[in-house]
Amino acid sequence: MAEKKWIPRWFYQLASPRWCYQITGKLLPWFMGTTLLLLLGGTVWALLFAPADYQQGNSFRIIYLHVPAAILAQSAYMLMAVAGAVGLIWKMKVADMVLKSAAPIGASMAVLALLTGAIWGKPTWGSWWVWDARLTSMLILFFLYLGVMALNSAIENESTAAQASAVLALVGLVNIPIIKYSVEWWNTLHQPATFTLTEKPAMPVEMWLPLLVMVIGFYCFFAVSLMQRLRNEIIWRERRTGWVRELLNKQ
Amino acid sequence: MSEQLLTVHKLFCERDDRVLFDQLSFTLEAGEIVQIEGQNGSGKTTLLRILSGLSRHYEGDILWRGEPVEEVREQFCRDLLYFGHQAGVKAVLTPEENLRWYAALSPAIDASTIPGALEQVGLKGYEDVPCHSLSAGQNRRVSLARLYLSHAPLWILDEPFTAIDKRGVAAKEQLLLQHAQRGGSVILTTHHELGIKGPVRKINLDQLAGTSTWR
Amino acid sequence: MSEQLLTVHKLFCERDDRVLFDQLSFTLEAGEIVQIEGQNGSGKTTLLRILSGLSRHYEGDILWRGEPVEEVREQFCRDLLYFGHQAGVKAVLTPEENLRWYAALSPAIDASTIPGALEQVGLKGYEDVPCHSLSAGQNRRVSLARLYLSHAPLWILDEPFTAIDKRGVAAKEQLLLQHAQRGGSVILTTHHELGIKGPVRKINLDQLAGTSTWR
Amino acid sequence: MEMKTNSGQQGIGCLFVATCRRECLLSFRRKSDLVNPLIFFLMVATLFPLGVSPDPGFLAQLAPGVVWVAALLATLLSMDALFRSDYEDGSLEQLLLSPQPLFIVVLAKVVTHWMMTGLALTLMAPLLGMMLFLPAEGVPGLMLSLLLGTPTLSLVGAIGAALTVGLKKGGVLISLLVLPLYIPVLIFGSSAVQAAVTGLPLGGYLALLGALLALALVLAPLAISAALRISISS
Amino acid sequence: MEMKTNSGQQGIGCLFVATCRRECLLSFRRKSDLVNPLIFFLMVATLFPLGVSPDPGFLAQLAPGVVWVAALLATLLSMDALFRSDYEDGSLEQLLLSPQPLFIVVLAKVVTHWMMTGLALTLMAPLLGMMLFLPAEGVPGLMLSLLLGTPTLSLVGAIGAALTVGLKKGGVLISLLVLPLYIPVLIFGSSAVQAAVTGLPLGGYLALLGALLALALVLAPLAISAALRISISS
Amino acid sequence: MSFNSVSEFVSMGGHGLYVWLSYGLGAVILAANLIIPRLNRDRLLAEQKRRLRREEGIR
């Protein structure tokens, strides 16, 4: 194998499940702490201190769950697809495991976004569900997650399962912008984005600051959950190697 | 002529929790016939699928004419004839149509030799019968006709004699011997006692397993 | 004891335009082993499917213990063990689950003997592995375990030794012999040379064909 | 030869239970099989608003028909697999050669199939109704009509599956055979829901669906058994 | 060993044609395969008036969506068989071991599949439109959109088929994998028909469908080939 | 602090049901995502230890 000089060292280290297991073991407590801090603080802020919306009243507080969940659901898919590509191209085992671990978290975030959105829709739009662009594309994203998970669980052999779901995740990734735009042209009713790179948020600071806290908290939560699942996956897939045996014996 | 065709170096494979073979190394030279032996479940099919490139679940190196098989995949496929547990015969097509498509897949095969090959395997008169109304053995024979068509030097055959009657087996053994004498080489598995009058090297997988739970 | 179990009288069958057998008559007595011989495509499978009642495309009479088999179908099924080209093994179930369902189908089988039967066919340790991760021969063995479970007097076996290794074949031949000695009888086809130390009657279908185009 | 004969009534009950157990196992072994008809159902319900119009008022009018057509297609789609794998791996031959009555096994297979598709669809129908803006009054009618109608779909579909199992590719042919027989169920079922939505009495439709079910329950197992014997003896 | 090498460009063209010929033969050999997607298409169109409402005005509004949904489901239904029989009888292994480029064979298979389903559906669409009272102005739009959209459906569906071919029962899983990917085609397709009916310009939608097709045509064969290799190596 | 009393906080200006339902669901889903991997880990480790012991026993 020709050594590719331009790829940094940590990339190769990442490829080693053992290194990955150890480093995540060190990072996990820190992330856990940050997550709890941010989420608890953010929730208190959101529920108690953030001002009510002048139109929607207190139902507006749902945004502090809804938007982070929606954002995370999309990011998790992206991560999953990238991991899939890395796994396919460099045959990196850890990437396969990341893909498998990220899917259920992303799917649960999609569910949370859908549920909170539906609950929010009842007081605001008067019905639990409307066929709006954002909602529809979130629903489809959820289906994509389900597809990846179903394929992953339907294939017995682990590395085959990982490769197959990587292909599916990549195909889905190509399709996500297409879905997004098609659905948006088809029908739009939903709020436009709050955070954009080019414009200042339209919300007052007291409103979007807690939102920012929650979003970061959700990302940290994602990291924690992902690392936990990843570590399980590593132990399972490497269960026959010496270092896992040692690890098991030590405990 | 003893050109080294296939070199297998420290091959390792495990399925579920069982090591099927470990440190398996051998070379296949032109003109050789190698029989892979082993009990049911000892990993013969797995080995042949790995050698042919269908399965990637292994560790170790496989070289084709001295080069890693991954890198010369196309040339390797050109030089290979693989015959698996499943015969690859379409039930609604006739024997002739089946072989015709097979000829299109392998550019080296001349389609005009198909009727001759069918006659060789005893299917003359059945050229136009859809394969689902052929017997089990006749279906296998359709696929075995590929042996008569092929110019590939390496034949990998997984239990080619299944369901074939005694006369058919003798003819096929004769063919393998001819192929070896022309400088081709064969890797095969079979539970038959081979009646080939010539040197057949045997590789026994039962002894190669690592921590097998098979008794 | 020479009770007449199965009586076949002037059986005639044709597929497409070929007569497979004509005027085929024989009787099977308790304790007998009959091997149906013939080239590929001579009609062995067809005959066995007719005898077992799966196929109705025949003319002639088949009697079971002296009565037309159509009329005593249920009793006949109770007395029959049929093993076809397809093993009847569900790929997603484990060997044990497969056999358990088979036991439910045949009221005479005692489900508690299943682990023993699996051990007999060399599948101990594989009870919990889904059959799709077993090798070809192991899959056949799952189905062959039925031979160890069954109390049926008549066994109809179509190439039971396909994909089974030599040790397995020897064990199965032993089992057939035992079955015959206990008063059961066996009709089987195989392209193996049978190594049974006992009287095996052979019926050759090649000579029975009418206007065959098979050469 | 010794021969235990613990058959009779008890043996038959055992066989029914054993077959149900096996079919459930087959489905549970690959979890995806279990949820898939549901997801298909959900997706058809998603496609409609996307393809036709997202307007709630319009969709509400469509809803009874769409839910029923989706249930019908979901059943139809899953029908082909009912006997095919048994045919291909030789289990069906063993089944036909069993001394036990064939229709028991067949009935057990159909019942399990129904529990995995029809019953599950019935339980999911309220969610679908919501997605399609079906008025809340329609939901009990929808569920009742599905509960009475889907078993008939499974039973009738199984006849088609049994008839086509010997063919090399029955996947689409089965829909050709079965859809005409499904039409009465579709009509009564969707009418029942429409009646429920508009507040009319729906007892008549439900009675009709029940009668169809009773008829299918009596006749279908026999027809299926006969069809299987014919298919296998080709 | 002697070795003829008449490969290269000409060999590839030969292979494409030979594969198309074989696939056509496979379909024609059992004539039912050929007409089945069409009949399915027809039946979905029949079920709708029965299940929903026979009112012409209402149906006309439904028509674009229903035709498109029917086309989508008909394609989906026939998709699973694309590689399955090749997998089961071992032809797929031979295919993967051929020295010829895999994507040629794959493309040939998909093209033939499309001709048997998508193209046939397109040609039948006017009849369907008539049955659902689609205004005559909508018909050219319907046919054009189907002509541009159905190949994409076949190509994308083939990815799903390739991914699930190694599974014991992929029949329903494939719909789960593929339907989300079908949605843009459905939206653009039915919007194009709706635009045609209302007299709006539909060039934009058709351009989008064309762009999707181009994208699928470039990427899908690669994805399919990769998926096949993965599925077979399990 | 945008609420003056606990009851006001609970009722959320009439939208209490929606808000609390959302936050309840959110808590459940987040907690599940953190706890399930934990439980899986315990199960996995126990299982693998048992396997190791079994294999050692065989040897």
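By written order: A, B, C, D, E and F. Residues from 1 in each chain.
Going forward, a residue touches a chain if its C-beta (ideal position, glycine included) is under 8 Å from a C-beta of that chain, and two chains touch if they have at least 3 such contacts.
Not measured: the values here are computed from a predicted model.
Rotation relating subunit D to subunit E, from a C-alpha superposition: 180°, rounded in steps of 5. By number of C-beta pairs in contact, chains D-E lead all other pairings.
At the interface between subunit B and subunit C, over half of the residue numbers appear on both sides, which makes the contact a same-residue one. Each chain gets a centre from the mean of its Cα atoms; the one farthest from the centre of subunit D is B. Averaging C-alpha coordinates per chain places the centre of subunit B 54 Å away from that of subunit F. For this pair, subunit A with subunit D, the centres built from the Cα atoms lie 37 Å apart.
Subunit B and subunit C have Cα centroids lying 30 Å from one another.
Per-chain Cα centroids separate subunit A from subunit B by 47 Å. Counting partner chains per residue, subunit E has residues 30, 85, 88, 167-168, 173, 176, 179-180, 183, 187, 233 touching two or more of them. Not a single residue position of subunit F touches two or more of the other chains. Residues of subunit A in contact with at least two other chains: 140, 143, 146, 150-151, 154, 156-157, 186.
Of all the residues in subunit E, the ones that touch subunit A in their complex are 156, 159, 163-164, 166-167, 170, 173, 176-177, 179-181, 183-184, 187-188, 191, 208, 212, 215, 219, 223, 226-227, 230-231, 233-234.
Subunit F makes touch with subunit A in their complex at residues 1-3, 9, 12-16, 18-19, 21-23, 25-26, 29-30, 32-34, 37-38, 40-41, 44-45, 48-49, 51-52. Here subunit E touches subunit B in the complex through residues 1-7, 11, 14-15, 18-19, 22, 25-26, 29-30, 85, 88-91, 93-100, 105, 232-233, going by the rule given at the top. Per the touch definition, subunit C reaches subunit B in the complex via residues 15-16, 38-45, 85, 122, 124-126, 129, 133-138, 141, 159, 162-169, 191-192, 213-215. The part of subunit A that touches subunit D in the complex is made up of residues 127-132, 136, 139-140, 143, 146, 150-151, 153-154, 186-187.
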